[in-house]
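Take a look at the following structure, please.
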Amino acid sequence: MTTTPSLETKVGRVTLKNPVLVASGTFGFACEYEKLFPISALGGVMVTGLTLEPRAGNPPPRLAETPAGLLNSIGLQNPGVHRFIKEELPRLRDLGTEIIVNISGFTPEEYGRLAEILDKEPGLAALEVNISCPNVKEGGMTFGVLPESAAAVTRLVRQNTSLPLWVKLSPNVTDIVAIAQAVVDAGADALSLINTLSGMAIDPDKRRPVLGNIFGGLSGPAVKPVALRMIWQVYQEVPVPLVGMGGITNYRDALEFIMAGTTAVAVGTGLFLDPLSPLKIIEGLQDFLAKHEEETITNLIGAAHNSEKEMRGEKRE
Amino acid sequence: MQPESAGVISLSSLGQATGFYHLVLAAPQIAKESSPGQFVMIRCADEQTLDPLLLRPLNIFRFHPAEGRIEIIFRVVGRGTAWLARRKPGDSLSLLGPLGNGFSSLEKYRRLLLFAGGTGMPALFSLVEEERKVGSPLGSPTGAPRGGHNREFTLFYGARTKDELVFLDLWQAAGVTVYTATDDGSAGFHGTVTKAAAGFLPGNYDFYCACGPRPMLRTVQEMMAGYGIPGELCLEEAMACGVGACLGCVCETVHGYRRVCTDGPVFPAGEVKFS
Amino acid sequence: MTTTPSLETKVGRVTLKNPVLVASGTFGFACEYEKLFPISALGGVMVTGLTLEPRAGNPPPRLAETPAGLLNSIGLQNPGVHRFIKEELPRLRDLGTEIIVNISGFTPEEYGRLAEILDKEPGLAALEVNISCPNVKEGGMTFGVLPESAAAVTRLVRQNTSLPLWVKLSPNVTDIVAIAQAVVDAGADALSLINTLSGMAIDPDKRRPVLGNIFGGLSGPAVKPVALRMIWQVYQEVPVPLVGMGGITNYRDALEFIMAGTTAVAVGTGLFLDPLSPLKIIEGLQDFLAKHEEETITNLIGAAHNSEKEMRGEKRE
Amino acid sequence: MQPESAGVISLSSLGQATGFYHLVLAAPQIAKESSPGQFVMIRCADEQTLDPLLLRPLNIFRFHPAEGRIEIIFRVVGRGTAWLARRKPGDSLSLLGPLGNGFSSLEKYRRLLLFAGGTGMPALFSLVEEERKVGSPLGSPTGAPRGGHNREFTLFYGARTKDELVFLDLWQAAGVTVYTATDDGSAGFHGTVTKAAAGFLPGNYDFYCACGPRPMLRTVQEMMAGYGIPGELCLEEAMACGVGACLGCVCETVHGYRRVCTDGPVFPAGEVKFS
């Protein structure tokens, strides 16, 4: 093979120059990492979760390190969508990469309103709809844990924008496939998974929870097996592109996700181990393709499912 | 600010019982860019392990742009610092830095008060040394202050016990008047730095800088506010990214939550809210 | 304080000499570890999951190491309850520690039958009812993920034995409190949590799942934050003793669980890092109590909840 | 079988390109109890890290009860073995062993055939050395076989390349006839051990023992079954407990799933089912 292998991939209507994004909430509005590497090298940036109004977030401490994992209870600290559009978006548009805006609401209407506002803004590749927010109307359970509420939010967002919709699923559910199916039926173009697992840590010396908020979201390598399992299940049942995240720190992790069925991946907590890891992952994928004489990364999407089909005797001709 | 692979030049224990170590690193880029009160983050784990996961923030004790070196003082408190204490000269470490917003310029002030508690000392020393460096070609504070300015520094330095009061000679060499305090009374005042300082205050001080454990900072803040002396506090908070992206390291201030890693670690004393 | 602090703890009717057990499936029938340390030092042994009929288990590979975690797909390989009673139980009775028998069924009736059979055997401290088995009647979802099926199993077991019942909860659910409440209402005396998180791993070189069974159960330090969160939630809502497990490797982990609300803890995957870890944990707890002048470990149960009450202004008089 | 803290006596690379290392450990209890084909599990991570989590199983290459030592040959394939390769003399390691059910007695046989592939070699050497030890006070196979028995061994030893054929001198010293094979033809037969052996078979052999990668074992099993020569296979499987408790390491046999760690790692060749 003489041509260099292609990393280009398509999440529905959104073409990414490579499948490596950075995950919402871990990359701020990109300006922090701009000093460290050229953001344009990334497949895309998922910006920090936005809400309609500015939010102060949760009381500190907000971080607790756990075995191969990280608990965070940031609580969606953000300047609100309006200041985002004014102060951050112009700069983001010029980064030379796809910008995916992550939105969160506390009522379905808030989600709809956010979509409506952002729909008018040029230069966005997609909206990522974070349905892991507590549903204040329904007593605090998050929208993402019930198919009905997840679908309701998706539907309202769908009605308010023609931007591609990536709905980001919560892993804290009994049946991820049911939720995935519900939001796809309600108009999601793609699914992002997974958000953080709900967890906590206790300081035995202080005899109290480490986090000011008691509970936090678990991310990082610890959660990778759970993320892969959910992606595998959704890939088998729900025919939309998937964007995978949860514990990716190197190109082999990225390959696990892609082979489980994702069209793209995002690095979140991995940035904190090594801020250059997304670039190293891109390089690693490139080398892997070259070594195995694969022309394009898209050949590998869902590749691990083939072995299962073979085992079941469903060999592809 | 950038990732830099730094070589260990030396690592020495500052007394077995203390758990304190003195680390000298070859990190030319970081040395060049550093300013007092900034810190680095160091990956304190074997390359291929994912636990512990996060980099460890450590203040820069001294930086030597000409020699391309930085120095760090750390105490072993957990597995990250324990790993770091096992390094050997010649090993290489992954660093990210210099990070944070250090102390502001002291230009306006003549008589300064410093409060250091335990591993809060290094940040303050970098401040004094930088000050004294001006006019000195090598920058090592040997003998009397050689700085272009005639700023006066008084340090109240507290620790749990005598052995944890480290590098007193350097402070003295920098021409700083040092008062010590220990929890166990093994050296200097028997009690906290703030109690030790109370006898000297208000004095004729223009400004203060403090770095140490939270309870100390809170008392210092209260006390100095009482005397109407302005100052700056250098804070610590658990960190993930170290560059301002994750919003994990916030502290409460009069302006709401601010990031210790980028808005700080040094804040105007009057802005910090201890809850 | 002059007397040595007491580690004795009571899980309902069951008195344990100390709160450190070993988790089902990780300790076999105790004979393997007998060569390594005196089993009588343990608070109790939860024996490998039993089924009515012998089971061969799942095809290998059955293990995959993950970041700070372990995936297993043993699939309940066991000799069946009858051979267990004949060949293993007599020896187990003489170990000088409490024996808790873990049971699994594929229909509610199987659970009931197992309880009936074991009820006749002397020397058992309790039955641990593993409701994480696939419910073959209802299409493979495990009994443990729906309150109704979890309660149905518990009820049938309750009707067939007067032994203390510890129902072991699956963490793969949206609402752990609902399940906990349902099984307690159905007659559980105590709750064990957590069983393993469903997960998977992919071998990127072979382009297929690492485990022969594709999915496996994630255990070990990686899952500790999830276990603690679920225990915290259940402790706040459901007034029965809890037995905690999920990633415990040292006494500080054990303290986190106890302070979150468990009356006892079990070490599973931790044994594989260090087979002597249960003994070291017992020692560590003893030292902690002595150092903090606590007379008994039972003082620490749920201790981390006090800080929350204090924060909410509900200071205890 | 017990946990034992073992001191590193020496650790040497057997050629950079190979990734093979030779490790000598002071482990008196394990050395005393070992028999050929058994293995140890070693914690290959810093004490305070939880990743990698599991102990690594490694075969015992040689054991010296009198000196209280064991020897291991390992290849760096991942982070556990990479960590192990960074140890220094004087370091101490956490071991568990000896584990498993080794080779059965060779008493009944006179002419033995051995098949070793890569890191499968050590297990077979322990078998030969133990055999040769009888009658020798020190037990090191120097010069001609000095064992009480006049058993004859023929070894087919395969590796990817010449440099990975390690310790050939020891085999020769033990009086074993050695035929080598390499994937790249850099030494001995160009191809697999099984193909190399095919030319010599059936010969006059009574029994065989094989240790190496799965595909090799499968071919050996098939080939030898064809000649009607009985033997034993030493298997590998990912392990967690190593002591038979977790049922994680099973292989398929004619008797159903059996634990490689305790029912094996050595099984009668006829019982193993490769699927």
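Letters A, B, C and D name the chains as they come in the text, with residue numbers starting at 1 for each one.
Quick note on the criterion: contacts are C-beta pairs under 8 Å (C-beta built on N, C-alpha and C of every residue); 3 or more make two chains touch, one makes a residue touch a chain.
Please read these numbers as outputs of a predicted model, since none were measured by experiment.
Chemist: I need the common contact partners of chain A and chain D, sorted by label.
Modeler: Intersection of chain A and chain D contact lists gives B, C.
Chemist: Touching both chain A and chain B: give me those chains, sorted by label.
Modeler: Of all the chains present, those in contact with both chain A and chain B are C, D.
Chemist: Name the chain pair with more contacting C-beta pairs, choosing from B-C and C-D.
Modeler: Result: the pair with more contacts is C-D.
Chemist: In angstrom, rounded to a whole number, how far apart do the mean CA points of chain A and chain C lie?
Modeler: Going by mean C-alpha positions, chain A sits 33 Å from chain C.
Chemist: For chain B and chain C, let me know how many angstrom lie between their CA-based centres, rounded off.
Modeler: Computed from C-alpha means, the inter-chain centre distance equals 46 Å.
Chemist: Distance-wise, how many Å sit between the C-alpha centres of chain B and chain D, to the nearest whole number?
Modeler: That pair's centroid distance is 54 Å.
Chemist: Between chain C and chain D, tell me the centre distance in angstrom, where each centre is the average of that chain's C-alpha atoms.
Modeler: Whole-Å distance between the two chain centres: 37.
Chemist: Please output the residue numbers of chain C that touch at least 2 other chains, ranges allowed.
Modeler: Expected reply: 64, 67-69, 220-221.
Chemist: At least two other chains touched by the same residue of chain B: list those residues.
Modeler: 50-52
Chemist: Which label fits the chain touch graph of this model best, line, ring, star, complete or other?
Modeler: The chain contacts form a complete graph, every chain touching every other.
Chemist: Which stretch or stretches of chain A touch chain D in the complex?
Modeler: So the residues of chain A touching chain D come out as 67-68, 221.
Chemist: If we count contacts the way the header does, which residues on chain B are in touch with chain C in the complex?
Modeler: It is residues 50-51 of chain B that touch chain C.
Chemist: What residues of chain B sit close enough to touch chain D in their complex?
Modeler: Spelled out, the residues of chain B in touch with chain D are 45-46, 48-52, 78-79, 82-83.
Chemist: Touching residues of chain B toward chain A in the complex: what are they?
Modeler: Touch list, chain B to chain A: 1-3, 43, 50-55, 94, 96, 237-252, 256-257, 262, 275.
Chemist: For the complex, which residues does chain A have touching chain C?
Modeler: The contact residues of chain A facing chain C are 64, 66-69, 71, 141, 145-146, 172-175, 197-202, 204, 206-209, 214-216, 218, 220-226, 228-229, 232, 247, 252, 255-256, 259-260, 288, 300, 303-304, 306-308.
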